[in-house]
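Take a look at the structures listed below.
Two complexes follow with subunit A in common, the first pairing it with subunit B and the second with subunit C.
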Partner chain A sequence: METIPRYRGAQRRSRNTVVGALSAIVLAAMSMSAQAGVTPDMISTDATTPSDVLTVGMGQSGQRYSSLSKINTQTVVDLVPAWTFSFGDEKQRGQETQPLIYNGKMFITGSYSRLWALDVKSGKKLWAYEHRLPDGIMPCCDVVNRGAALFDDLVIFSTLDAHLVALNQETGKVVWNEKLDDYKAGYSNTAAPLIVKNLIVTGVSGGEFGVVGRVDARDAKTGKLVWSRPTVEGHMGTLNGKDNGITGKTNASWEGDQYKSGGAATWLGCTYGADVDLIYCGTGNPSPWNAHTRPGDNLYSSSTLAIKADTGKIVWSYQSTPHDSWDFDGVNEFIPFDMKKDGKTIKAGAKADRNGFFYVLDRTNGKLLGASPFVSQQTWASGVDMKTGRPIETANRPGDPGKEDKGSSVFAAPSFLGGKNWMPMAYSQNTGLFYVPSNEWGMDIWNEPITYKKGAAFLGAGFTIKPLYEDHIGVLRAMDPATGKIVWEAKNGAPLWGGVMSTAGNLVFTGTPEGYLKAFDAKTGAELWKFQTGSGVVGQPVTWEQDGEQYVAVASGWGGAVPLWGGEVAKKVKDITQGGMLWVFKLHTSKANSVALK
Partner chain B sequence: MSRARAALLVCALWCAGSLPAHAATAVDTPVDPLNSPSWQYMRQRFLGKDPMVFDARVQVQMPSAAEDQMQVPVHVSAPGLTDVVDVLVFADLNPLPKILRYQPTSAAPDIGFRFKVEQSTPVRAAMRTRDGVWHVGGAWLRASGGGCTAPSVGTGQGFWQDRLGEISARLWPQQPGLERLRLRMIHPMDTGLAAGIPVFHIDRIDMRASDGRLLASLQTYEPVSENPVISVDLQHSGPVRIDAHDIQGNRFAATVTP
Partner chain C sequence: MNRVLARVSLMLLALWLPTSVLAADDDADEAVLDQLDQARERGVLEVAVYRDFPPYSYPQQGKYVGADVDLAAALARKIGLPLKVRPIMPGDDADDDLRNNIWKGHYLGGGVADVMLHVGMDPQYVARQDKADLFSPYFREAVSIAYRPGRYKNLTTPMALVGTKVGVELGSISDYYMSGAYGGRLRTSAVRLPTTQAAVQALADDEIDSVMAPRGELQGLMKMIGGLSIETRTTEFQGLFRTAWDVGIAIKAGNPKLKAAIQIALQELQTSGELKSIYAAYGVDYVAPEMASTAAASH
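Moving on to the complex of A and B:
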């Protein structure tokens, strides 16, 4: 039977008031039985409510730490699949997503801007949304999506054609659809949106096409723009449709008009420090890659920005790679945490930068507290000056091509794919350590002349990427933020490209391109468990509790930037088969045993 | 909801008092004049247990055979039938039978459109009058097949993404208080049945007077042809505002003046 449009019922009610009143009561009872929806309070306490996962990052700060411990170093050997879900059709490619769990449903995004709602107990598909993408989309680095956001009765995700789409959690019907920017100019969007209070915060992708990065905050219920903050110096911000001050000071660190195609894309989105009410957004490389064409520090590229949630104004910034020549980018997530050091608790935040340094900053003011390498080789800098916060460079920049076709080439490490790329690290409140998915590779890089053309790649550089070691590229590392020391490391043949999660069960979970989801001892790095998922794991694992049991889920499906840019690295990954599958695990409990107990 | 609906239906039958003598009871279905293998199922799916009659006044005019399976022109009308509040058009044997639904609030129950046909099928219009009875008419359309499972033409040519939602429209005043509106919108109207192309279609077109009063409301589904062309007869004089959206939340609007 067709669903009857509401007006039809209304017409009938008007002809008979008794039944009209009756059906009104039934409708009222139905709406009361439904959940009230995801509130800003629920979002802000997500990290401490293990029965749901409301945010990508398992909390606004993105620590990816769970207090659950039924799955632990002792029991993890019994972790077995509970159910799986195939994303279907031919659109496989990279699955970098993170599941969200709420109100008996799992919401999971997939490659090519797809989104599914599943019954979290059985894995049954409840509905699917597949965004109709134009042929001309220009995502630089695979057609991935990194997860959705929940707010009220909505599930909201961004698309490769730079739209933000809000769907009803129950029906999958589109409630609103806002264009973030023009995909034809190179904008796209792959990051998970961040909910802060009643706002939904997004960045933009497109740093390889000379876009201007910015952070937008919208009313999460309606999609209406509240404020916009450009991340390149010289551009005007807005608040409620009115001018809200220029970012930085025009031409203080750029010459001429170059800031107008200055990059600094906020392609990985943002995290939030609720106690200081600051939104932290990493910014990408300045455009073009060829730094000789854009003298100056090029603020606020390759930086972390702290933005006031209510005003959209920048409170502090820290630039990790001034005048970036290597596409080190600075987009990596900044994770607020409370650092215990010398008997004191410091309001800190940490970031493992593409440039190979693990930075610890004061999250209230951006003051540098520590910077230490988390990779084995950094050719471009010997350290970071703790007074100025600037890197101590080693004259490792590629040469100016001048009027030639190609400037002098240099070997630089890390490579432009970074000591760590997009894949989020985790912090354990148990061990006080960060778990960083790092990669050991370098590159030959040289510059070429380049001019800006709308919608065209804006690089002005050539490169080849090279593994630093024969036997491994990926290394999962435990970093002590207080000392900057590496506590343990676990090597992996192929580059690591998946998110990390830590739990109170003293476990660290992450995936590998070789297809495994793995669990490590959080204190020693000993590998305790692994499961072959059938394709490379570049997704972000989560855990939650349901009916007294702890569950773990991760998406499997090889892709991302590595197979597209890989160079010599391709040898390590070229035989990995593609996929598109969600795996859910729980501890094995013997049926016979449970019968016997009764 | 189902309990509430059942109550409403019982009431609808009971309140109506004297049902037309030829109306079917809720469990009995009249013999299908088109002899369609899917009629029973269509009736159950679209009309449920609502009272219905086959009514020759409800006309579906179209070519007897589809020249272009992607663009079959159809005109639905009901001369002599008054008080029509809801119009439903469907094709029994299409993989996605439901074509459109139309509420002619201040308009005649006439609508012209084009649709995609997959194979030979009855095409029917069901019109619900204010007394709750569905009046059903229709005709057979012969077709060689393939209209619903082929990619839209715009997909191959790539122009839909540049011109999505573009509206062309014109009003023809017929007599005082009556005007014909014809509109075309650029939209691929993808059925979701062509490999690798997600379902993507306009799902609502509202036509309003300049003061915002609703004149007519149209819900379009997957089989409506790419770049839909719609003709309606409005009981109205003066400009008409068109508000539309598709299933992915894209919104389109235009105002057309006579």
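Moving on to the complex of A and C:
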């Protein structure tokens, strides 16, 4: 990562005494109180400080790479549980969270907008926060939460009723609580917020009709809105309460007033490239679903947007699925990394899109550097034109429900759940490879001309998701960003739905719905270790170091969007039991020989 | 299949078969009480109606009112149970509503209601539902246009709307029609508003020229807003797959007692003219369904 030389040493905290190191920072800053907490500098160097995990994504760029190597291809066989924590009560369902580790505490979110602080050494619960959810919330895809953010003495997370709540790290008491949007209009929020300097950055999710995506930046200390950037052209942004320019150009890629409800929700949040001061956010599909009624590219739906952190203005955009007909979305994480190619180092960023292409862009200007499939089948496009950056389509768009009767069914791959869905990939600075949790499935789409909405006739579409292969849906793939080639792959019966992490120990960790946390050899894909957690793993693993030992943690608890969709996929997952458990692992050292090992 | 007979034959079989065989059978839930008996045990009939859906079901001074709410109350009264209204947020389409409110329940919890009103009743749609029983059509809706008298000289074809401002509810059939019909020539004439109510209000405020929406909604909203001199016109909209449709009642499939009780109650309300009065109270001209209720009930 590009910031290592600048920060290493100067800000790196001691392994054993987090408190001592904090005091040093406090003294250096002079202006902070004795309880000084997480600073913007600490956030920006999180990826290089293995004694803590301050950000979801293990760094603002979301590489999910750790420089720790005590757990490695040789030692991982000795990885055993250290402690566990049950989320408790009847509220189980999907646990898509990522733990944060700071100041002797672990902060972990759970389904139904819950958050706990645990003693990181023992797993003892220090406090719990259960957000009071109103009746009538309508989250589209389970009641998950994807993790919190740390800033100063706050731990901040978004809730199913579309609030952003900041709690005191010590007490769990609410410090501020800001409404992101109206849950009654179908808004919700499940993504982890992103801290950039003194700002906390969030997107919006939910609201199938009438929603317009946007990115909001608030003062992380107070929750007050600083800027807001709509993701659909024609909408005015704001900065400090004043107009801040219209997104794009009104009606350039939309007709009439359709842009006013154009979709492009930012439901998976953002990443940040500190060296170029750009916030990268993916946007969802345009609205309405039926593409025939909204001609044009429908900017900036199904795109990656690069937004200047200080101004809230869009610097560049790249649309992966123009005029999206398949609900491919474009929300996936864009991960800045330095690409070595032809002897040069390129400021790049990569995104494994739901549409099945692995894109590499110049992170400074959005120029397309490469696009290659990371799934075995793509029916909708034969490739991406490197000159225009646009997909080369194959006439695989679903028919117009207003014109045709049922019968003309189209098979499209990937399915609308994507070649990759929300689950974040990882980049290894060791191998230079990306590790992509992908799924091999397609969908039949047909027109359902006779259905109803709120008691009125309506044009609908029917979908059935179909696995492409008998024996597997999920495939963990290692992609070389410089060549676009798949280096190795590891198949899995059920669809993969959990995050990936890579380490300097040459390991790649990810979970499976079958209940395993697994470790693979980062170079070969050989499965080296697995542990049965008791329920499906759809969480995001992390690793950190404490008292000279390396730890790995992941949440277990089956859920998310997959079990909510029927079809043939349901058969693969119907026997998975629910759960809600955090598992923490470390290397086994017998008391008999621990002295010798030290 | 006659469910009562099925239960009898299962009971006979039970004398011969090990219980594990029965447990694997799809009819194993025959032992579950009919939804009507469950409602009687609970002492309340829970009826799902759409939330914020005037003039059929909407909040007024902290209470749910509307034609569907009154119909629900009349049904409950005839069945002899107190009414509990469940205002529901509509899903992407009615399949979601039936799943979340009638036969499965939402995954967030809350269980199901006994009855759901205002369910579209196209025969093909009814036939497609295997988990919900759709029957007793009780009203007929038709897409209509409301406008001030004289605003359109000759509204025999929707093309007369081109170049005027036509309010539509976002994501509704009217929105789709304006966006897609005639190769999209009406697309830029649509003013998309969050609800039909907002569209009628915009018409009352002279911000738009007309509103396209189901007739009952238009009439009811015009009465609510009041003092409007507005014409409504129902025309055949070419290219729109359904101009008019019946709405009826849904319950979870396999509850013959509840179904029979509702059918009888509704029949009485229709015959006595009470149903027509309920609609009239909200300014809606009652239009009887076209489907024979017996045909729909034979599902």
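As a working rule, the second predicted complex is superposed on the first by the 535 of 598 C-alpha atoms of A that agree within 3 Å, B and C clash if a C-alpha of one lies under 4 Å from a C-alpha of the other, contacts with A are read in each partner's own complex, and residues count from 1 in each chain.
In this text, a contact is a pair of C-beta atoms (placed from the backbone, for glycine too) under 8 Å apart; a residue touches a chain by one contact, two chains touch by 3 or more.
This structure is a prediction, so every number in the text was calculated from the model and none was measured.
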Requested in this report: Pick one for A:136: touches subunit B only (first), subunit C only (second), both, or neither.
Outcome: both
Query raised in the report: When the two structures are overlaid on chain A, which partner does A:165 contact: first (subunit B), second (subunit C), both, or neither?
Result: first
Report task. Kindly classify A:89 by the partners it touches after superposition: subunit B alone (first), subunit C alone (second), both, or neither? Result -> first
Requested in this report: Scan A:181 for contacts with subunit B and subunit C and give back first, second, both or neither.
Outcome: neither
Query raised in the report: Just subunit B (first), just subunit C (second), both, or neither: which does A:521 touch?
Result: neither
Requested in this report: Using the superposition on chain A described above, determine whether A:353 touches subunit B (first), subunit C (second), both, or neither.
Outcome: neither
Query - Overlap of the subunit B and subunit C footprints on subunit A, listed as residue numbers - result: 135-136
Report summary line: Seen from subunit A, its contact residues with subunit C in the complex are 93, 135-139, 142-143, 186, 208-210, 255-258, 260-261, 287-288, 290, 292-295, 400, 402-403, 449-460, 564
Query - subunit A-facing residues of subunit B, complex - result: 1, 3-5, 7-8, 11-12, 15, 44-46, 48, 85-86, 101, 103, 132, 158, 160-161, 188, 190, 192, 195-200, 247-251
Query raised in the report: Where on subunit C is subunit A touching in the complex?
Result: 50-51, 53, 56, 89-95, 107-108, 110, 118-120, 122, 124-125, 141, 143, 170-173, 175-177, 179-181, 184, 187-192, 194, 214, 239-242, 245, 247
Report task. Spell out the residues on subunit A that touch subunit B in their complex, using ranges where they run on. Result -> 1-2, 4-5, 7-9, 11-13, 15-16, 19, 22-23, 26-27, 30, 89-91, 130-132, 134-136, 165-166, 173-177
